[in-house]
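Chain naming follows the written order as A, B and C, and within any one chain the residues start at number 1.
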Amino acid sequence: MRKTEIPVSENLGRGHLACAGCGAAVGMRLTLKALGEKTVMVFPASCWSIIPGFWPYSSLRIPVVHAGFVTGGSTASGVRAALDIRGDHEALVAVWAGDGGTFDIGIQALSGAAERNEDFIYICNDNEGYMNTGTQRSSATPLFAWTTTTPVTRPNENPKKDMMAIMADHHIPYAATATIAYPEDLLRKMEKAKRIRGTRFIHLLSPCPPGWRIPSERTIQVSRLAVRCRVFPLYEIENGISYTIQEQSRAVPVKEYLKLQGRFSHLTDQEIDRIQERVDDEWQHLLRKARC
Amino acid sequence: MRRVITGNQAVAYGVILSRVDVISAYPITPQTTIVEELSELIGSGRLNTRFLKVESEHSAMAALIGASTGGVRCFTATSSQGLAYMHEMLHWASGARLPIVLVNVNRALAPPWNIWSDQSDSLSQRDTGWIQLYCENNQEVLDTILQAYRIAEAVRLPVMVVLDAYVLSHTSEPVEIPTMEEADSFLPPYRPEHPLHTGQPEAFSMIATPEHFMEFRYKMQKAMEQVPAIAKTVDEEFRSRFGRGYGSIERYGEGEAEVLLITSGTVTSTSRIVIQRLMERGVSVAGIKVKRFRPFPSEEIYEEIRGAKKVAVIDRNLSAGVGGIFAQELRASLYSKEERPQVFGFVSGLGGRDITPELIEEAIRCTIEHHRPEEEILWLGLKR
Amino acid sequence: MAKQIHFNKASEMPDVSTSLGDMDWNKTGAWRTQRPFYEDKTPPCSVACPVGNDIAGFIQKIAQGDVEGAWNLVKEENPFPGVCGRVCFHPCESKCNRGRYDEPISIHGLERFVSDFASSLGRKIKKGSGARKEKVAVIGSGPAGLSCAYHLTRLHYEVTVFESSSFTGGMLRIGIPSYRLPKEVLDREISEIETLGVEIRTGIPLGEDLGLDDLRDYQAVFIATGAHRSRGLHIPGEKGRAVLSGLDLLRQINLGKHVRLGDKIAIIGGGNTAIDVARSVIRLGKRATLLYRRSREEMPAFEDEVMEALEEGVKIRYLVNPIRIGQIDGLKRLECLRMELGEKDESGRRRPVPIAGSNFFIEADSVVIAAGEEIEVSFLPRGMERRDGLVLTERDGSTGVKGIFAGGDLTSSQRTVAHAIGSGKKAALAIDCYLRGKDSEEAIRQILIGEGPAISIFRYLHPDERPRSPHVVTFEELNMDYFEPSKRRREPRNPIKKRIRGFGEVTSTFPEGIALEEAERCFSCGRCNECENCYVFCPDASILKREGIFSRQVDYDFCKGCGICFFECPRGAISLQEEAR
């Protein structure tokens, strides 16, 4: 698919409340273009409890079920069950959860659903922290990043949880990473996921201008650099074992990515080196998985 | 068909006869035989039901919230810790106005670990916006489930059906099991007013600002206020079809009584015998069984006790710092009334300790002998 | 358009918080502090083009597969794409922003492709409707004269071109060898001009058969008689036999006349004429040696031509200055001095300084002097001011004589085809202004490409179409993330052995597929090519498509002014300004 062939349907309507330059709003627009109108989306608590609008308004042009923070995997299981009972097998059920709702509080419900191979697409809209509540650390927050709960005097000490590996080990039919700077790839993966039955997991990286301390116009650039510096490689995992990497022709040092973001502005050269080492190790690890 | 079955089997039959679409549950003693029985029944193809064997009670309720939003009839069962773990989602279900039916097999909350009967688990969910119905025997369990769906779907509020651990859940009694046709004629298929539908781009359970939130809660209260009348109609219809009815409360024992004993659950069965014996000995006593705890049947109870001087309440539960919860609710409901009997609040049988006929008689005697209760909490059967 | 929904009573509200309407009433445009807007800007190639071609425009058309559209676009500004695509020194390419990334676009190759492709389809330029009563005479049928005539015709004037010689094309025909510019290409493009209605009368030299009095019927005259007089070296022996002027020799060769030359030719000079002579005589089976008094670096001939000349066997001796042409035993004997480079002169090049006593001799069968050309002044009307060997004109080509305009090599020391075409076009505009009583300076100012000097006649004709900011897009304003490195495509080149056997074209035109690939390399600086990045990346769905068609419109009701469209535009076609509130 070329960029100019991306569907024109807009199922995220105008007037929504996302911050200027919101990466997730781009991600949502693109996702809905791929998933289409016959989609029911479940929203465990996240920015997306707010962005679509306050009652009685919603800017989403598909049916949406807002749900408890913990419950992405479980609420969606129930929605799917109801639609199946009603004989509506055509409707697609999708979950749109944040990284907190996926990596942290929602991991149990997600794991349960994935283990049962519930028939839905689970999209983790990862902005690497609790951004809706004002930028607190989550287990998706990267190493050494600043957040309001990991101040520069004591930045985040733990590397980001490897959610894709966790999902792969559930042996779900499809898991993929995607990010907004690569819309053709994102749409292809969403469409591929749409054709598969069972639990599909999309790890969608969405830069957050206020939380990452980046100017609003840089959202796409930061998303692109995340891929190019291999902090966030684009890849797919089928049945938990078969890895395909969408390799980038232009790899850049991780410093190029870090230096654009205020949340990393306190980093020392040694810390940058440590991040680079980790990124390199993880990349090698991924390559090994892709080879076997 | 009359069969000798346990309380938990009665639950399972009630669910089957209600033609539940989606069940989502997580095992916990003493609820386990419900999910086992249901699994067997679904496995044998007797039900076109999806049973989601979820990984927690929280997910069990969340899944039902999803399914019920999707417009189908839903059921779950749990106990104790499981119910407590569900707590957040209990609020969600009622706030979303979803007619889910839940069976809670009363069990004490840990620690110390305890798997025996105690109402503290269900009663600590009293503010979640659920209707609560307590059962005395296995027949009532089955019948109440059928009635629960009628009420829930009429007022768009979830219903919790409660039965005692072991005394009912694992004890067999003869139960009249209606036929499917009979059940169908009483409980029509669920026709939700407004289910989720693709092509209908609506957002459910949205955020509401202070401009609107309060009105939604007001409406929830109004729905609760409709329950007594609707439950009464439903119960009367049930009685006309099946010859059995329960009311929101039941008074037993004849004539004017000086002392009224208020109980719920299986304690009532024991009390019936004790009161019968005391009446035979000329003691002026009668009993009230409270079936519906939420909404609390204040008016119905007041009608029965307004002439009495004293009321004894036996609570198999404890709200630490206050006492028995039924007694507390009763006192609150009487405060604005002109004729206010003395309320003797007995706490007994916690963690499954037997509430014996002797203890019940002791409670009645204590109430007769004292002008007013000496203590706010009267511990019954406690090894002091 | 959804409205806001208000509830006064709980009884009016539903039981549950299920949405009832959309957010279209919520005009998030009010959040905006900066406003993006589509603004086509000026690409550096266009600014560098003396003709004023809309380069990014026609390349974009090629990339879209619309070669005919590309041809129409080119022809709006330039009647000679086939000529320019071959012989222009393409200053556009040296300014091409892609040169900062990998290699510049082969603009000349694409221009040539467009011309040849359109001609292979038999495309003709359509003449617009309308007619003006005034008539204009053009003196000289070289690139300046014909360009002027072409544009005047498109401005609906009746134009007659008077040509002194028996053939058209001026220097294009006599000065440029056909291995660089095949005569068919020239004929083709001149015939297209004639088809438009331009009358060309050959064999009528100004001053002899044609006086200004004879042009009374014409309300304006454009003189572009070129520079056809070879400059001498002013050294002893240069008037001798077998000492030829470079231009004369080229004229004979190019007109297909038989030339008598010895085997070993010494050519004095370092300009394009010298190189053309050298390569032409190589093709006649001779040996050619160029003598140039400075070094390679200072050589005015175009780099590519020098390269090709060397490939073909032309010898070049640098820092050599002939001071006398003698003769022994039928051979020419050039006495030369060795030179060294001194201080920079006024042209910015290092001045050659003779090394005393370094005299030496070079022998040759023939000597060709190619030291530049001068204008002929004898026939010029009185009142036309001249300075430094050029006719003086205003920026618009007007001379001191009312109604008489001049251009081309006659008025400029930049003796290139592109400058000549550009000056003819500017004069056409000036004549239109003159005849309509308009201020030509103001008219030129309106249609300058960037800061000029080139102009766009399209914008003169269609002031409201394709508006373009004069801002010239810099490399830094582009987003290189959207461009993968890609080698410049090169025109197929005949093998040297084949080349020197005759006067066939050295290179051939891009095949269509290659042209498309090369066109796709173009950054399209400052010019939206509907890549739709802005549409795809807008978080607020505020880049509008109408019935599925990309509209280059921002929905300011909802645009929050995040700036993503501005930043992600690969080519600087979106601007951002502070929101005025």
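Worth a mention:
Basically, a contact is a pair of C-beta atoms (placed from the backbone, for glycine too) under 8 Å apart; a residue touches a chain by one contact, two chains touch by 3 or more.
As the structure is a prediction and not an experimental result, all values here were calculated from the model.
Closest to the middle of the protein, by Cα centroid, lies chain A.
Farthest chain from chain A, judged by C-alpha centroids: C.
The interface with the greater count of contacting C-beta pairs, when A-B is set against B-C, is A-B.
Centroids of chain A and chain C (each the mean of its C-alpha atoms) stand 51 Å apart. For the pair chain A and chain B, the distance between C-alpha centroids works out to 43 Å. A straight line joining the Cα centres of chain B and chain C is 91 Å long. Touching two or more other chains at once are residues 202-208, 212 of chain B. Shared interface positions of chain A, defined as residues touching 2 or more other chains, are 52-53, 55-56, 58, 61, 64. Along chain C, residues 17-19 each make contact with two or more other chains.
Within the complex formed with chain A, the chain C residues making contact are 2, 5, 17-28, 31-32, 481, 484, 530-533, 536-542, 545, 548, 550, 555, 557-558, 560-564, 566-568. Interface residues of chain C facing chain B in the complex, by the touch rule stated above, are 7, 10, 13, 15-19.
By the touch rule above, chain A contacts chain B in their complex via residues 11, 37-40, 42, 49-50, 52-56, 58, 60-68, 70-71, 73-86, 88, 90-91, 108-109, 111-112, 115-116. Against chain C, in their complex, chain B makes its touches with residues 96-97, 156, 194, 202-208, 212, 215-216, 218-219, 223. By the touch rule above, chain B contacts chain A in their complex via residues 21-22, 24, 48, 50, 52-56, 58-60, 62-72, 74, 88-89, 92, 195-209, 212.
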